[in-house]
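Each of the two complexes below includes chain A, the first together with chain B, the second together with chain C.
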Partner chain A sequence: MEEMHQVAIAAKDPAIGRQFSSQVSILSAMELIWNLCEILFIEVAPAGALLLHLLDWVRLHVCEVDSLLADVLGSENPSKHDSFWKLVTILVLQGRLDEARQMLSKEADASPSSAGMCRILGDLMRTMPVLSPGNTQTLTELELKWQHWHEECERHLQDSTFAASPHLESLCKIMLGDEAALLEQKELLNNWYHFLVTRLLYSHPTVKPIDLHLYAQSSLDLFLGGESSPEPLDNILLAAFEFDIHQVIKECSIALSNWWFVAHLTDLLDHCKLLQSHNLYFGSNMREFLLLEYASGLFAHHSLWQLGVDYFDYCPELGRVSLELHIERIPLSTEQKALKVLRICEQRQMTEQVRSICKILAMNAVRNNRLGSALSWSIRAKDAAFATLVSDRFLKDYCERGSFSDLDLIDNLGPAMMLSDRLTFLGKYREFHRFYGEKRLTDAASLLLSLMTSQIAPRSFWVILLIDALPLLEEKEVVFSAEQTYELMRCLEDFASRRPVWREPGVQRIQEDVENTKLEMLRLALARNLGRAIIKEGSLEGS
Partner chain B sequence: MEEIYAKFVSQKISKTRWRPVPPGSLQTADTFAAGSWDNEENYVSLWSIGDFGNLDSDGGFEGDHQLLCDIRHHGDVMDLQFFDQERIVAASSTGCVTVFLHHPNNQTLSVSQQWTAAHYHTGPGSPSCGSAPCTGVVCNNPEIVTVGEDGRINLFRADHKEAVRTIDNADSSTLHAVTFLRTPEILTVNSIGQLKIWDFRKQGNEPSQILSLTGDRVPLHCVDRHPNQQHVVATGGQDGMLSIWDVRQGTMPVSLLKAHEAEMWEVHFHPSNPDHLFTCSEDGSLWHWDASTDVPEKSSLFNQGGRNSTFLSHSISNQASVHQSLISSWLSTDPAKDRIEITSLLPSRTLSVNSLDVLGPCLVCGTDSEAIYVTKQLFS
Partner chain C sequence: MQGQAIQADFKQDSLHDAQMDYYGTRLATCSSDRSVKIFDVRNGGQILIADLRGHEGPVWQVAWAHPMYGNILASCSYDRKVIIWKEENGTWEKTHEHTGHDSSVNSVCWAPHDYGLILACGSSDGAISLLTYTGEGQWEVKKINNAHTIGCNAVSWAPAVVPGSLIDQPSGQKPNYIKKFASGGCDNLIKLWKEEEDGQWKEEQKLEAHSDWVRDVAWAPSIGLPTSTIASCSQDGRVFIWTCDDTSGNTWSPKLLHKFNDVVWHVSWSITANILAVSGGDNKVTLWKESVDGQWVCISDVNKGQGSVSASVTEGQQNEQ
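Now for the complex of A and B:
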């Protein structure tokens, strides 16, 4: 807040300077409200101590005094300074009587004529009974002593002890708690709550918390004097003095533009068990409602969504559900952001969200022809269906072009192959190609056979597999054993019998013819191979 | 213990890099660049950690880093490298690669050169030239190599308008990071857990070597080469695992070290003390790995220049040859036998630490909790 203040002062452009100043004033108002809530609701100060806390509160938020004090003390002749009496008055108004006394002693040194009066006033200041924190006085004792002191001040006033100096006289009146005198100092008091606290200090120092609001209301009325209407801040403070927590929260929500302040204040009060559970119509209590609102607001921000996650974590009833809904809708412009979102989901076991986000990313990757990325997303989500889709894409490419794209991916699938049947088939099929390329024909043959018999090959691919068997069958040496050949034949007949019969004329007929020819060739090759295999196995070296 | 200074900068930091000191000079690092991400307006900024003679009116702590200048950057800053003393190369999520020039006399940054469509998607489903994020950039004056989510590798030269060489579809998945091995060779890591070595002297679009793990294909996010031994490479993966590879030997890593609980975003060997390694991760921690523990009592076949090398016991690598003249302590470290000291450098857990850089005794890192941490006494 200090930085903003300095920036506001230093800003060259007056509009920006105003903007910063207004931000500073909002922040200081929030601090004011927060501190008051702390005093009244959380500390729950009893009578006596209450006033001390309120005095601290006022002193904290009116800071010009210190600079003025330094100013005056620093000057050569403090008592002749222009603002000397102003300073002393402010000190008395704030209840800083020791410092006021020091100032008076300077005045006494400077002008001997008023030395006597200053001394008397100084004594009065010194003897004013205050409740010190460690003191064991009871409240009634304090009350009695204070009453006694009050009467003494009254007596001095009536004796016109201070008649010679109007300043000292008005100081005495202030110390008596005379409302008219206090109202004269409106300018120095600056706002009605200062007036309230000063008034209480000098007329009802043992005020009880429940009576506070009466004095607050009357102070406000007196101070404003009918000239101006209360501002939102005044309403909030009044509600606080009335100990109406809900009203405070309501007024703050209306006055402030976002939920930050209210959410945190409510959370604090809830932790102090001060909020009775309000049953809002969707079942959660006010704290959770406000936190949810705040967190939703964070999610609407382009970069603060990561903080929103933590807030949702602390909402026991609706937090998780809200998080699930919000986290899917974060726009993912880069993979790195997606990874962070996924990590958040995985830490909270939100598998559905992981799956849906990975699916979106994988679809994008497929559209951009990044099949490796698509596969890695489906592996992360353990999404077998998508892995099948990617593998189908590869197989389709192979059918169309006769060769595989992205061999680096397929060759190095590793254990990820097990994710989906189709993927396993793809990996194994590629392995078959590799075996064939390396001339490891028996391995290739048995692999091919297992591919066909294990039922993981898609229907559409069977004809290709069968055709792939042809070159193996045509090899000089017998690659397939008799058993294997029988298996192949069975597969072939299986395939042929279940082949869809196309009824459309034209191109399909030609394709069908081509296929039929291929199958015929295959049958011939199989038969020949069977013969050779039986002979080979039947002969001496084969057994 | 080191003192770490933190400063909250109101933008999530994706990359931080020290400006290199001129070779042969005794200066320590005093300026670093930072790039932000995920904001509506992202910035590349330069910061200084020079000692200020007297505290200025900002009331910053002595040694606190101060902003020198910044410039708006379109898209997230995906990677950042210093090209030389004055120029910074930034890779953007819009697929654009920009070279910024720093003017020290008036402390401003300006755009010196830009390749706007360095990375893009072309596919049946995407509109022609949909942009793809550029994920990694590495510089070796005068060359700049970039890689992106489109699986493309670009070789640029400063002051040339077009790319000198482009390898389209170098990878079917996303390339996450790139580093130079020897000058004409680069090494890339991708999201299916493979390291690929590319040689620019060769024509053709095939890598000269592929290395990968045999187990799960965990995506690899970062890579760094040992400063003195160009065959030793460290990578960090999505499961937080740190792997050390010897690219001359086989296709499998030399050691696998279980490290962080979430993605490891960056790994760096210390440039002048390569026995020290630094990693940072999504789980909000930054670790300092110290493998320089001397083990004097173990005798070995080789005694190199005062530093004993520990005996070769690898759990994974089947390194048969013992005729190595220089053995890196990383390659020969068996995590079960020799101790690597690991210290966590950040005082408390934050959101993800996205980036780190080390130079001399100084370390800088940037996090998602909008803070930059700097320490100037790394080895105290």
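Now for the complex of A and C:
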């Protein structure tokens, strides 16, 4: 908040400066409300200690005093400073009597004529009874002492001890809790709650929490004096003084433009078991209701949605469902974002959402021709149908270009291969290529054969498989056994008999011719291999 | 709540529908000038991405399909056609045209993605047709004739509910969903339809409360509670919220949200079904929320634009409140 304050002052553009200033004022208002709620609801300060807390509260939120103090003290002749009396008055209003006394002693040094009066007033200040923490006196004792002190001040005033100095006289009146005198200092007090606290300090220091709201209301009325009407902030503070938690939450919800403050305040109060929960139809209780509202709002932001996830986690009743509905709607602009979202879903076992998101990403990848990516997404989604689609695309690409894209992915499929038949075929076919590349010819041969006989190869691919057998058949050593050769021949005839008859002339005829030639070559190679295999098997026993 | 105004030049014609896509990044609009326009509305901007022409009459409604099927938009028009547009390589093209109706098609709605790619269309000829994508650019059509006498004005699908089973279905096997949708018509009725085991659609329920044509129905998204909720609005100025508490889905009780002074054209739910947007002839879009004691309270209204506001506003994402 400090930073924003600095920025507000430094801003060159007045509009931005105003914007920052308004932000600062909103934040400080929120801090004000929060601290008051802490004092009244959470610490539940009893009479006596209550006032001390309230004094702290006021001192915390009025910061000009310190700078003014430094200013005046730093000057050569403090007591002759313009703002000297202003400073002393503020110190008295804030109950900082020790510092006020120090100031008075400076005045006493500077002008001997008023030294006597200053000393008396200083004594009065020194002797004011306060409840200090750790003090063993009871409230009644304090009251009694305070009463005596009050009467002493009264006497001095009656005796016109301070008549010579109007400043000192008004200070004395303030210390007596004289309302008129206090109201004269409206400008220094700046707001009605300061007025309230000062008034309590000097007239009812042992105020009980339940009586607080009476004084609060009258302070507000006196301070405003019928000139202006209470602002939202005033209403909120009044509700707090009345210990009406629900009213505070309600007023805050109305006044503030987003749910951040209210959600957190309610959460805190709920944890302190202060909220009697209504049972709402939506959101099960107020805390959850507000947290859900806040988290939903976060999801509209491009990066704060991650915070929203955590908030939903803390909503036991409807958090999970709300998260499921919201998380699918996050625009997945980059892969990293998608991975983040998926990780979140997987951590919470939201399998439906994982499947749905992976499908979307896979679809996207296919449209952009990134087949490897599409395949990995469909595997992650455990989507068999899509995996088949992508595998088909791969095979089609291979038919057209003679090579595979994304070899790494296909090579390392592992058990994921089992997701779909087509995918298994793709993986195994690639394995066949590898075997061939590594010259493990017999393995390659048996794999090729099993691919053809196991029926997982798509029809369109058979011709390629058969052609792939050619180099193996042409090898110097016999790779296919006689048994295997018979199988191959059967497959070939199977394929040839079931080939569709081309009806149109032209290009297809040429293709058909090419294919026929290939099949002829294949038949020749098979026959030759069969011969060699029979001989080999016949001559060497059991190989 | 904050809103963002989209300025678009529609000349003298009225804008009939505006729908945000799944992620809230794009807005599709359709109007009497027969065009369907798509805007990119990220970061508060608006850039016209596409102007789709293909209809020969005013276009009444648009609907985005789930992104897992790609970028698909359906539109329906007075010219009795339903056109399905698809984005391919950055350009939008017509991918299918359905001409099976005898008069104006008033409403289109995509089914939950779990059912596949299915589009329901309601028409002034009283029939509702269901287009199912079967692959390779083929669409299968099922028609429910005489769904509403005089005409059907709105269709809305129920959210997909996995029937009872807690075991994870093995991949590739589709679980047996019970598909349901609601329709509203000129017979002042709202009808709930259910798909039987044989694939035929049967009328399951008739909801009666309106005294004039039902203009829109919207089935609320499921938030995990056993209740189902439907919102309906009508020419008679009333908006009803129907709730069904038991899981068998048999007793629906209406609650009057509000009686407006003019016809109410559209109702639409936010993602988590806690806010209902209502737009009507009184030039206002209002947002409603259910309060603690079960009463519906108006939480905001947007008073913009001249002429009757008949655009429906769907909240793809809730704006910062």
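Following the convention adopted for this analysis, the second predicted complex is superposed on the first by the 400 of 543 C-alpha atoms of A that agree within 3 Å, B and C clash if a C-alpha of one lies under 4 Å from a C-alpha of the other, contacts with A are read in each partner's own complex, and residues count from 1 in each chain.
Everything below uses one rule, namely that a residue touches a chain if its C-beta (ideal position, glycine included) is under 8 Å from a C-beta of that chain, and two chains touch if they have at least 3 such contacts.
Small disclaimer: the values here were computed from a predicted structure and weren't measured.
*Asks:* Looking at A:Trp259, would you say it contacts chain B, chain C, both, or neither? Reply first, second, both or neither.
*Replies:* Touch partner of A:Trp259: chain C, not chain B.
*Asks:* In the superposed arrangement, which partner chain does A:Arg367 touch: chain B (first), chain C (second), both, or neither?
*Replies:* Both: A:Arg367 reaches chain B and chain C.
*Asks:* Does chain B (first) or chain C (second) touch A:Leu419, or do both, or does neither?
*Replies:* Once the two structures are laid over each other on A, A:Leu419 reaches chain C alone.
*Asks:* When the two structures are overlaid on chain A, which partner does A:Asp383 contact: first (chain B), second (chain C), both, or neither?
*Replies:* Touch partner of A:Asp383: chain C, not chain B.
*Asks:* One more residue to check, A:Leu339. First (chain B), second (chain C), both or neither?
*Replies:* In the superposed model, A:Leu339 contacts chain B only, not chain C.
*Asks:* After lining up the shared chain so the two structures overlap, which partner does A:Pro14 touch, if you call chain B first and chain C second: first, second, both or neither?
*Replies:* Neither partner.
*Asks:* Where does A:Gly225 make contact in the superposed view: on chain B (first), on chain C (second), on both, or on neither?
*Replies:* neither
*Asks:* Does any part of chain A touch chain B in one structure and chain C in the other, and if so which residues?
*Replies:* After superposing on chain A, chain A residues 367 contact both chain B and chain C.
*Asks:* Which positions of chain A touch chain B when the two form their complex?
*Replies:* Going by the criterion above, the answer is residues 302-303, 306, 333-337, 339-340, 343, 366-373, 375-376, 379, 405-406, 408-409, 412-416.
*Asks:* Give the list of chain B residues in touch with chain A in this complex.
*Replies:* Residues in contact with chain A: 11-12, 14, 37-40, 75-76, 78, 93, 121-126, 130, 132-133, 135, 149-151, 171-174, 190-192, 194, 196, 207, 210, 212-217, 219, 238, 262-263, 282, 351-352, 368.
*Asks:* Where on chain C does chain A make contact in their complex?
*Replies:* 22-25, 66-70, 88-89, 113, 168, 171-172, 221-224, 271-272, 274, 290, 292, 294, 316-321
*Asks:* In their shared complex, at which residues does chain A touch chain C?
*Replies:* Contact set of chain A toward chain C: 257-259, 278, 280-282, 292-293, 296-297, 299-301, 318, 320-322, 325-326, 328-332, 351, 356, 359-360, 363, 367, 382-385, 419-420.
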